[in-house]
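Presented below are the structures under discussion, each in the form of structure tokens.
Here chain A shows up in two complexes: once beside chain B, once beside chain C.
Now for the complex of A and B:
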């Protein structure tokens, strides 16, 4: 019945006869909330980053516009909006205009599948009741949730790549070449570490992944053994073009990279997209590994119990803030990698590690599914480790042979 | 500390050669990239014309002169005491150090010598401007690689040094304090104690930078084995200062020549490094700042009493003759060749500034590196545009 309804992005939870205005109102409300969270969150993220970095660097940071400089981003946005919109003579005009939206829209859409809160008390499993309807605090809950995120972040690569290419100028071109290689190779590591989570949760839907982490020991951070989390964190930083992986827009080298030629509101869109991506990908990280809006119970004590149904949102915000802080911290501390070092890290470290760990987890899962005895388990793990060790040896041997060949070639040269 | 083995260095060079050959085989078309004159990483208006193959440089050449101010010519229409206010602006981060060799050259022609106290204070201010200059370099190093925090630490601690220079001379950037025959004034009260405390703070700053930046693995991977300049090449291109010492040449004008300055009265170590890569250049400078703070401390302890100005006529006429004096400035060897015809002003002044020679090696050292390494190597060679273009 519900499947045939013409309601956009309908939630399977809204399975009810009296669907007339309530589902529409709920969806409308969610769209509004997600949109506002996206924009306001980005605004505060920019402020937060500038303020924290300033604090780490003996500076004050923005403090003139509004209380504590909170409105600084708004002022910057207005300024950018009224600036002259320049399109370079040698650019491909259509692609040049299209690219900012290709970067901006996916950043927004990722929010639609992130569980933003919910009531996790009394086995309510993250659902809340609005207008007499039971629903999730999440704009859409498609069964392919995480894949949607991956697809969207791949589209965002096009935004960056086409922006650099269509500018018709050299520095952006270098930036866009870097962007395409960097983001594509890190997408692989991202996907492999994600696969471990998906296998542990047994579902692709984000709400399902959150529901699978109802205890601290079930958090995928722990249940997948930390390694996928670390790989995901690094790959995500690269995917977001954040320092130390911000080669795409390395100001000292290629003068801003892909957005060198952009000005006015088109530049603002890139800027907004970047910061929105930071928040939405942090939210995704929290969803995948840290239980999303699930509370962290100490005994049975919930820190945000007083907030009632908003407790989940508070937990999510807390966890996301942790990562936002980590990103700002990275930025304030770390120098930038060189392009070939970045590729080395991606292909020679992250992808093999993620792949090996995934195989190990898969073997364990297989053992669990087949109800192996304790001896069987131990044998399985040993066999698995041996295989991984052999794989590692093969891998290092391949690298060293390749290097030796290169040396020899170079010597002949 | 671990050093790059010869094998690793060879492997690096060989791999780049292999890449280059591959590209020749594929006959890909190169691209000419103008880095500068307006580029965030050139400290001003240096232009590097680089021929790129992908991200690899196959040919590079610096193009200086965008900020040429004609100082050599301008000195000819000024009297000797007026020249110091001009040459202050050559290396604007360590300006006091620019005045000293010129004044020494003029004194050499006039055959006078500053009193011992003036020599001491000159040396202290010279070392302070070295600390201000190289300290900022240490912070700036991070910025060139995208780490933005060190530069703010450097600015914070350079401020203390600038305050000291301001306290003694009245000018933060352009002291114009040196006079032929001595100094304009004696030190103000309380300056010596304050300086001791600041030197302690600066040693702390060096430790901090060493932890934050030099200990960072990414920083090391960005600088080790990059831009290697062997000792003989460094000599051939006329490198001086820390760039030369980082290539393993034990050469320091403070120690190796006798000038009427106080360096021979203190005990300091001249640091060298055998590697000659970007890391070595940065590391040698870090050690130099530390050494400088120690020199200042020792000089403060042995400060002689007496006047700060020798007896010189009110209107200074330098007798006919030619003199060359060079000192170990923050950026390297800086010297003035002064020709006087017995007038109020010099007849001709040739300025040998360190950065001009230091960047002359860029075509050699930038061959085969990647675009990001251009920035690192230039940062580690450490030039100041005013010092290149004069």
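Now for the complex of A and C:
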């Protein structure tokens, strides 16, 4: 047999010499907890969104099932289970059945790399001891953590794309082509703003990124300048197909978009995946930019110090909650973009801004690594600004030339 | 353990590859290709090349095959084609020759490289030093090739746009 190599610790609990039931039990427990959090969180999110939107529109919203209507989602879910499962005559049966799972499974798996708690303050690495075993409050901590999330979100494109194609009807196909074009376009901006964080943290692992944000000034929201955060937030909203970027399911134009032909439990899977993605991407945003489970200290006062070891989890929940509210707020406030506006924003604004800012940050990082003098820094910044200015001029020139050509020749199609 | 993973991943790769060849429907064939790419990613993970595995999924499965699907859907060639009509007469004999040639080359490379098995590699280093080593060699030793590749890609994209643009005569 091949000798066991030192495995890069996906979970420190697996590093122990003596293999007995504890590591397996801990991993199993964590899988279970992550699964339950995912489901319950999604249920809650659906209720939360309906309730907040209702409040903003001066309605009451769900209030019959359970206290404050909390069980409304459960009731809806049970109802969906018992509905008739329709498969269109002209659909591609195998792909039609496969697509909901391709949307659902990645949404769940993103949770596995989010640090859900643990103590990262004062340079501690966030490991905790359960039943005499050292582990992390996160399902897995692979060395490529954040890339795994990107990989999963690129798999999620398949769910949408194949659902629309396999339905064998025109509105779903239109919806899915829109969706995949949108998701691919915004993935670039998402990746570029992510790169700024990865450069600041110097690691790809999610727990490493959290550990790098010890003080408030180290939070990547501030240490990378606010620009990557804003780009990430917008790109993420587009990536999630949330309003104001929900052209994918623009009811007035293409019925329900890619899931028009889906009914019953298969529709429920798409619905769940969408809401679960909102929560898990918010958690990712918090992990990347707002320090995840790191507390926000006022002086040395920690709001959740009472909770002891669960303080980190409470902080994470509070921050995720904030962004869930922001998403609902977006939905209730902003009108939907037109398709060309959507593509303009993605390609002509977000990607150049993210790229330029990344260049600037990289130059500053290089200056810091090489211990530049004050004069050196100033020259560096001036050179950067000149390069960025030239880039901007070229860019606007290219756009105006393109516009002039279009005016002269008429639209290409 | 490693044997089980190897067998399963290889089964994924092979069944995906066979699917690509045998499926009549181009979309199913593209999905077979995705299965193959995933199998390769699993192989990468089992060899501790986590970064390569992630990039494999992001770039190949997440971008290139999505592009294939796009083309298939937009051009509407998603129905089985008639294989008896051959647009390029030479295509099949040349494909057979090339296929045989590639098989011989790969077999030769495997036989010659047999002694590299078990040799000490960077991949067994802990944590993300794997990624660091990769970045260092990419951006220092091979930086010229890297930049040339990016120039090639830009030229390809710009060229495609220029060549496919239909210039309409303005008709007032």
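Definition applied: the second predicted complex is superposed on the first by the 389 of 413 C-alpha atoms of A that agree within 3 Å, B and C clash if a C-alpha of one lies under 4 Å from a C-alpha of the other, contacts with A are read in each partner's own complex, and residues count from 1 in each chain.
Criterion: a contact is a pair of C-beta atoms (placed from the backbone, for glycine too) under 8 Å apart; a residue touches a chain by one contact, two chains touch by 3 or more.
Everything quoted here is computed from the prediction, not taken from an experiment.
Participant: Counting only touches as set out at the top, which of chain B and chain C does A:180 meet: first, second, both, neither?
Facilitator: second
Participant: Considering only the touch criterion stated at the top, classify A:246 as touching first (chain B), second (chain C), both, or neither.
Facilitator: After superposing on A, A:246 lies in contact with chain B but is clear of chain C.
Participant: Per the contact definition in the header, classify A:286: touching chain B only (first), chain C only (second), both, or neither.
Facilitator: In the superposition, A:286 contacts neither chain B nor chain C.
Participant: Return first, second, both or neither, reflecting whether A:197 touches chain B, chain C, both chains, or no partner chain.
Facilitator: After superposing on A, A:197 lies clear of both chain B and chain C.
Participant: Who does A:147 touch here: chain B (first), chain C (second), both, or neither?
Facilitator: second
Participant: Would you please give the residues of chain A that touch chain B in one complex and also touch chain C in the other complex?
Facilitator: 177, 409-410
Participant: State the interface residues of chain C toward chain A in the complex, per the touch definition above.
Facilitator: Residues 2, 25, 27-28, 31, 34, 48, 50-51, 53-55, 57-58, 61-63, 66, 69-70, 73-74, 78, 124, 126-128, 130-131, 165-168, 170 of chain C touch chain A in their complex.
Participant: What residues of chain B sit close enough to touch chain A in their complex?
Facilitator: 10-11, 13-18, 20-21, 31, 33, 39-41, 54-55, 142-149, 152-153, 156, 212-213, 216, 218-219, 221-222, 370-375
Participant: Which part of chain A faces chain C closely enough to touch in the complex?
Facilitator: Residue list for chain A touching chain C: 2, 5-9, 92, 94-95, 142-144, 147-148, 150-151, 154-155, 157-158, 161-162, 165, 173, 176-177, 180-181, 184, 187, 203-205, 208, 408-410, 412.
Participant: Flag every residue of chain A that touches chain B in the complex, lowest number first.
Facilitator: Of all residues in chain A, those touching chain B are 53, 56-59, 170-171, 174, 177-178, 243-244, 246-247, 250-255, 331-341, 403, 406-407, 409-411, 413.
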